[in-house]
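Got a structure here, written out as structure tokens. Questions coming.
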Amino acid sequence: MDAMLHISTLHYLVLGAALFLLGVIGVLTRRNVVIVLMSIELILNAVNLNLVALSRYWQGVYGPNALHGQVFAIFVITDAAAEAAVGLGILIAFFRNKETINVDEVNLLKW
Amino acid sequence: MYNHILSIILFTPLVGAILLLFVPKDNKEAIRWIANIFAFVGFLVSIPLVPWFWALVQRQDKAPFKFIEGAVNNWIPSIGAGYVLGIDGISFLLIMLTTLLGWVSILSSWTAIENRVKEYYIWFLVLQTGMLGVFMALDFFLFFVFWEAMLVPMYLLIGIWGGPRKLYAAIKFFLYTLAGSVLMLLGILFLYFNHHAVTGVYTFSIQELYKTAPHVPFHYAVWLFFAFFVGFAIKVPMFPFHTWLPDAHVEAPTAGSVILAGVLLKMGTYGFVRFSLPFFPQVLSNPATFLNVTVRGWMIGLSLVAIIYGALVSLMQKDMKKLVAYSSVSHLGFCTLGIFALTPLGLSGSVLQQINHGISTGALFLIVGILYERRHTREIAEYGGISNVMPVYATITMIMFLSSMGLPLLNGFVGEFTILQGTFMENWKWGAWAVPGVVLAAAYLLWLYQRVFFGTVTNPKNEKLHDLTPREVATFVPLIIMAFWIGLYPKPFFQILEQPVSQIVATVRPDYPQPKGAVNAEQQPASPASASATVVVPAAVVPKTAGGKQ
Amino acid sequence: MFLSHIWLIPLLPALGATLMFFFGRRLQKSSVSAVCVGVVVLAFLMACGAVWQYTAWSSTAEHLHQPYQTILYTWLGTDTGHLTYATHDGTPASLQADAGFLLDPLSSIWLLFVTGVGMLIHVYSIGYMGHEGGYYRFFGYLNLFMFSMLTLVLANNYALMFVGWEGVGLCSYLLIGFYFHRKSASDAANKAFIVNRIGDAGFLLGMFFIAWYFGSLRFVDVTAAARSGHFAIGDPIITAATLLLFVGACGKSAQLPLYVWLPDAMEGPTPVSALIHAATMVTAGVYMVARSNALFVLAPKSMMVVAVVGALTAIFAASIGLVQNDIKRVLAYSTVSQLGYMFLALGVGAFAAGVFHVFTHAFFKALLFLGAGSVIHAMSGEQDIRNMGDLAGKIPTTFRTMFVATLAIAGIPGLAGFFSKDEILWQAWKYNHYLWAIGFVTALMTAFYMFRLVYLTFYSKPRMSHEVEHHVHESPKSMTWPLVVLAFFSVTAGYLGVSPSLGGSNHFEKFLEPVFANGAETVEAPPAGEEGNRGIEYLLMVLSVAAAGAGWFMASRAYGNADKGFTEPIAAAAPPVYNTLLNKYYVDEGYDYVFTGRRKLGDVRLGTMGLGEASSWFDANIVDGAVNGAGWITRLTATLSSWWDKWIIDGIGVNGPAILARMLSYPARLFEWGLVQWYALVMTAGLVGFVFYYVYH
Amino acid sequence: MGLLSQFSWTDYLLALPIILLTLFALGILLIDFMLPAEMKWANAVTAFIGVLFAAAGVVKIQLWMHANALPGSYGFMRTLLVDRFAIYFFYLFLGGTAVAILMSMRYLEAEHENHGEYYALMLLSVVGMMCMAAGFDIVLIFIGLELMAISTYVLVGFLRRDRRSNEAALKYLLLGAFSSGIFAYGLSLIYGLTGSTNLYEIARHLPAVLQDERKPIAIIALLTTITGLLFKIAAVPFHQWAPDAYEGAPTSITGFMSVAVKAAGWAMLLRILIGSPFLLSGLLAMRSTWVPLLVFVSIATMTGANFAALTQTNTKRLLAYSSIAHVGYMLLGLIAGTVTQLSPDGIKGILVYLLVYTFMNLGAFGVITSLRHKNVIGDELDDLNGLYSRAPVEAVLMLVFLLSLAGIPPLAGFWGKYFIFLSLISSGHYVLAALGVLYSVFGLYYYLKMANAMFMGKVETGEETLPVSLTMRAALGVTGFATLFIGIMPDRFIQMVNWALGIAQNPAIAKLMH
């Protein structure tokens, strides 16, 4: 069974990078602000994935309690949550004024 | 009082400005009186300097700078900048000119300025302090601070009380001069660092920098010279950088252009004499050429162009003030020619010509101002036959035109004659090219005089112009007295300039034939090394200069 | 006593001028004339005293033939010698121009006739200017002129001479432009000053050459150095210096290239023309050349140039004078011509002869001008000789004195002109036969136009209108009295310098001996051969007398009884020649086109004004444009960036026409990003750009 | 259990200012409920007292460090390093916030949005800034950044009824979140490469990483991290949020943002790129990679910002672009020095620049805030017209601020530029120096545009004088006096910066690398 491919840290990093790129493209192309916020969450999750994978890797080097990565991941999660909350709050305020959550309606302030 | 005289002279106008702050805005008369009193006190305070300085000259006092005040880095010790004031012959004359013209111009703007009188006089007195600071500063940083600080009041004077295109002219003046001075800042920083590299001490004191600047290697020194050149050339203004002058003059109020022409332009030439020459002798005397013309050749070339070009352009001007502005370009072309001829004759002639230009062009602008105040137009075509209506005005104008044209027995001639002789001795071709400037000067001034004063009164508006009021005559009296004094008996002026000029020439061209009865001959035989012992590193170190004629 | 106070002589008229400047407006006419004329008379008396004492002083043993110098103070430069410069061989010399006065035979002659003729003209102008406005201004300027002329003559160095030189130029400007309400007068004044200034520029350069070459500006030092033999004859520097000095002289004494201002200077009042443009100022050039004779002698090429220019000017001016109709223009051209003679004399090395001719010319030319003034006065302002005629009987004294002067100038033997002109022709013959020929033809022309003037004015038929004829009256005593004195001198002045060939002992030349000590020998033919060609000298003398007679005869035949519509003989013979001469060879128009640029050639303006227009256009558009250009570029990019935002993002994205959006549906949608995505796009683009940069590196 | 024992007394001391500020922020939130509408200014007073207390805390830390002659000391298991550098920034943040509070008291009444949360959020954002400045661990720095960013998003959107404020907040949030996402990704890669989140450990392991095949990942890590950093200080490719955020936000917050937030951004950038001046670490080993990048960014910033500012008609947006231009000049300070070796004068320049910049910009925004009364919003250029006749003192002060921003010598602004150009000249970057200097002349053009409007513009509306509240007068007084005093007698402040960077008092070049 061990012929099955051995999943190493590199694979996680590649997945993380893919998630990261997806998030960036999501932010660039989607027109709905909520979707944009979700893409930003995607980027932060990519970061978390990276951190956990790398923490796992470094545990092998520095012994069991080298958990810096995971601690960092927890902080990133809390931060993502806070950001989402504030983002939606502001979005609601914006929606109350302009009845649209379409990104390209955000054009009052220009060059 | 003796060793704080410079600070007193420097800050009297500023005290006046601060005092004016508390005077209520609508009480115009009080403001005018206080401003004039302070301007006059500013002039009175500088009077004792004359006998004291003359005593020093008589005693042939050796110190390169006199009345030194303040320690080397007592202002900002952490970067080595100090509040140090000091004057020598050149700055002494320029300071007297500044205080005199300051008083005359404030007196002349009595009736000219009606709106926002309070700010006008405040900014004017601040400008006065800025200018005095530039001439007195012996610390490069202090010099730079005064050099830039002086731009703000001038900008406001042009911008608020100026003519129709005042905004454009004011911003152009500010940006132009700032661009030049900012490049100069880089030059100063480089010298500051070079001094540290050589002696390990950070200082901005000019006398210290004199020691290390001449040893900067040539390929750096050329760029440095260029940085300083741009800063000063814009101020002078030399040929390619002069386009701000006509706009600034045409739009500035009368008193503003008197001070602008009378003193501000002299800062450029003062900068050349005080900084460019002593700091970069190795550049000026280096035979290396750019487009097969040496650096000094370029300077002379630009001055000659300024003389001829300035005169030609002013010949065809329709606006009186623009004509006088371009004539200043031509006159200052003479001054820069004198400076870069690098002979004692050329240099002292150039400094004297700066004083003369201050007097005669200052008077010219007052003259144009008087007509502008009555008719609110400066177009020459508007006038004709004025001497029938205003005879006293016509005579004073004739005297000032003759002085500006360089007629013997008036101040213009003494300056021009010495400059031409100094330049001629260096290279007769230069002298030959400069002489047509004298002829053109006569042409454009006399043609202007003919169109404005001679002939019959054609324009009905000119009939009832009233002649000069006693106050207006009072503004001219000191200028006329100075014009005749320098014209008839210029010897004291030459004696005052003797020591600084011979020191500068000794630094720039050590192998220049020292005068027989030189100022410091009695110490030892007049070897160049000893002549400049106090100030400059012995000549042997300075690279052998090609010197002599090209 | 007088000798040590020679500095008082120029100071007196200066005093008069300053008095007029400050108080002139408030003084009445009588006190003005008392002060101004009195001052000049005093100066004349002091001058005679000084010259008398000088002759005694210079004949004593220790001062034999030395000039007398007094130095008041150092004017330019400091006596501690710091204003140094390197002379040609590197020895340091210092600029030393002191206010010093020098009296020697040359300057004493000038001093005498300047103050003498000046005094007479001052007296004359009391009458002439009596009814004119600006009386005090006129006399103030006249005194200022006397001050400058006397400074010029008495100066002991070139710099102070230059002061007098320009001062005289200024006074001629002020006096020509005296009637300033007339545009022609102010134009003439400007022209005079600027042309003089061009000459002064040459003088200045010449002076610098001398200062550079000899290390000093004082005449005594320069002449001593020149005669010290260190300098080879034909030395290029000295030739250049002397040529430049000659340019100055041309400017001041109206020689060929720079003569144009003198005929126009007739716009000024007649006493001015008499004093300045006939007797004194115009001779300043001759004085300067004579003063630096030691230098000219060392530069034979320059001497040749002086002679040729003098001769050409003489014949050129004389030819124009033949056809002029304005009485003062005729005399003006005759002055230019006579000056040509003087420079011819100097050019050929006969300095003494040249100075002698100056001396005699001063008297009879001043007389002619004053006479013309009194004729104009009599004809109540009429100046055109074609509408005069038969005035001999009406204004007898003026006629008699002018006739004497005409005889003198024509060179009729027995009068002053004959002796001085013959001496010059004789020296010219020895130097170069062609120059003599030119001189001879000019003598013929001179006689012709002078007698033409006399006949048309005093003889022939009366051609003026009746009321003018009715008003003709003799000038008052104060005007005619100076005429008589001048007439007396026009006759007797000649006998001072009778040449040895005519049995005279030429006291004049002996008096000037010390000044031109070595100047004369080297160039002039050796005296030994004097007797041999004495015969030729007589022959030449007879020839010139014949020329004078022929000129007289032709004039009398042509204009003896000219009536109203009389025809000019030259016009009848060759009309094109007549027109060119009448229009003064179109020189003035030529100068206007080429040099000054007052007139446009088609729509192109040449000359200085053209250059001025071109450079002011260049300045406003190119140099200023460059500065504004910098400003303009920044504004352009700024507006470009805001334009980009308005059209690209908003235009298509938000408020672009709906049709366009739908038509380009897919690409437009891409563009329909809100600003937020646009910013995010720029950020990622930046990031990607950096990555590529590093990948590439 | 062992973990607790690792906390020591010093940790609490070092965290004292942070703790105090948090307590005050929560206190304000509680008090705000009890305050009736007209007493709302009490929040401001409590906030101000909170700042004073925090300042007292910082002084206590400084005295303690002075007593034990320590340049700096670790806290919280070496995640927090409060060295003199951090203390300098603490003073900067607290000073900026105090003046911002003074400015915003009356402004909020004019906007009818006088809620306590405003001041609470301000204090919390200062807490975030302190963490960024004192943080010696990428996690703490990230958390400090997020705390400050989120509270600033809310502050920008504080005027709920004003659509421009909402839009600015939304835009700022989206882009901010996006950039912190990228930043986090970068940090994660750094952690991945070096195995530790502590800056010193990172610096220790980094050279080894750079040698082997992991270098490309390190470069990507560096790039993504630098994106986050440059976004926060608004350098050109990432600056576009700043003008919109500055224009939309309430003016007092714009002031606060342009000064304190930017200074925090710079503190974080310096922390990550060079660690502490007393213990050089962070990504300094990769200096040879990030210097060319910064050269491009600084030139682009100076060009972009100056050009864009030329045609602005909105004063807040113009000052936004001007502050971006100043970031361009400051970046030159970082570039100075050889490719491998840092120039102490450059860092000193940045610090002096931040100090001087704080006062100038706050003063300028203060004047614009004071324009806000009754119906006039006060951020259009023509609102400044004829200000001279309506409020002469404000106009002269504004002129002083503008000229100082332009760098005219007798005023404070000159000193920032002076040291930057000094470092450039001393390290031989002549071309860059010349470029920087010429751009500063550029800057003068748009500052003069405002000055022209004030002094020479005509007043259309009625000729009434501008009512200026007492606190605003105090704020402008402080900033105006500071600009003039630092300008004329800068010596005390230069010595303070020398102290902060550990440069020896006498100006001979200090050996930073020990």
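Should a chain be cited, it is by its letter among A, B, C and D, assigned in written order, with residues numbered from 1 in that chain.
Note that contacts are C-beta pairs under 8 Å (C-beta built on N, C-alpha and C of every residue); 3 or more make two chains touch, one makes a residue touch a chain.
Keep in mind it's a predicted model, so treat the numbers as computed, not measured.
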**Message:** With contacts counted as defined, which of the two, A-C or B-C, has more C-beta pairs across the interface?
**Reply:** B-C
**Complete:** Here the gap between chain A and chain C, centre to centre from mean Cα coordinates and rounded to Å, is 96
**Item:** Chain centre separation (chain B, chain C; CA means) in Å
**Value:** 35
**Message:** Could you work out how far the Cα centre of chain C sits from that of chain D, in whole Å?
**Reply:** 77
**Fill in**
Expressed in whole Å, how far the mean CA point of chain A lies from that of chain B is 67
**Request:** Give the residues of chain B that touch two or more other chains, as numbers and ranges in rising order.
**Result:** 175
**Prompt:** Residues of chain A that touch two or more other chains: which are they?
**Reply:** 24, 27, 36, 106, 109, 111
**Complete:** Residues of chain C that touch at least two other chains are 641-642, 675-676, 680
**Request:** Throw together a list of every chain pair that touches.
**Result:** A-C, A-D, B-C, B-D, C-D
**Asked** Considering the complex alone, what residue numbers of chain B touch chain D?
**Response** 75-80, 144-145, 148-149, 151-152, 155-156, 159-160, 166-167, 170-171, 174-175, 178-179, 182-183, 185-186, 189-190, 192-193, 200, 202, 223
**Complete:** Per the touch rule above, chain D residues touching chain C in the complex are 170-171, 174-175, 178-179, 182, 219-220, 223-224, 226-227, 231, 236-238, 240-241, 244, 289, 292-293, 296, 307-308, 310-311, 442, 445
**Request:** Report the residues of chain C in contact with chain B in the complex, numbered from low to high.
**Result:** 21, 73-86, 90-92, 94-95, 159, 162-163, 166-167, 170, 173, 177, 180-181, 183, 186-187, 189-190, 193-194, 197-198, 200-201, 204-205, 208-209, 211-212, 608-609, 611-613, 615-616, 619, 623-624, 627, 631
**Request:** Mind listing the chain B positions that touch chain C in their complex?
**Result:** 172, 175-176, 240, 242-244, 309, 312-313, 315-317, 343-345, 348, 385, 387-388, 395, 402, 407-409, 413-414, 417-418, 420-422, 424-425, 428, 431-432, 435-436, 438-440, 442-443, 446-447, 450, 453-456, 488-491, 494-495, 498, 501-502, 512-519
**Request:** Would you mind writing out the residues of chain A in touch with chain D in their complex?
**Result:** 13, 16, 20, 23-24, 27, 33, 36-37, 40, 43-44, 46-47, 50-51, 54, 57-58, 61-62, 66, 68-69, 71-72, 75-76, 79, 82-83, 86-87, 89-91, 93-94, 96-98, 106, 108-109, 111
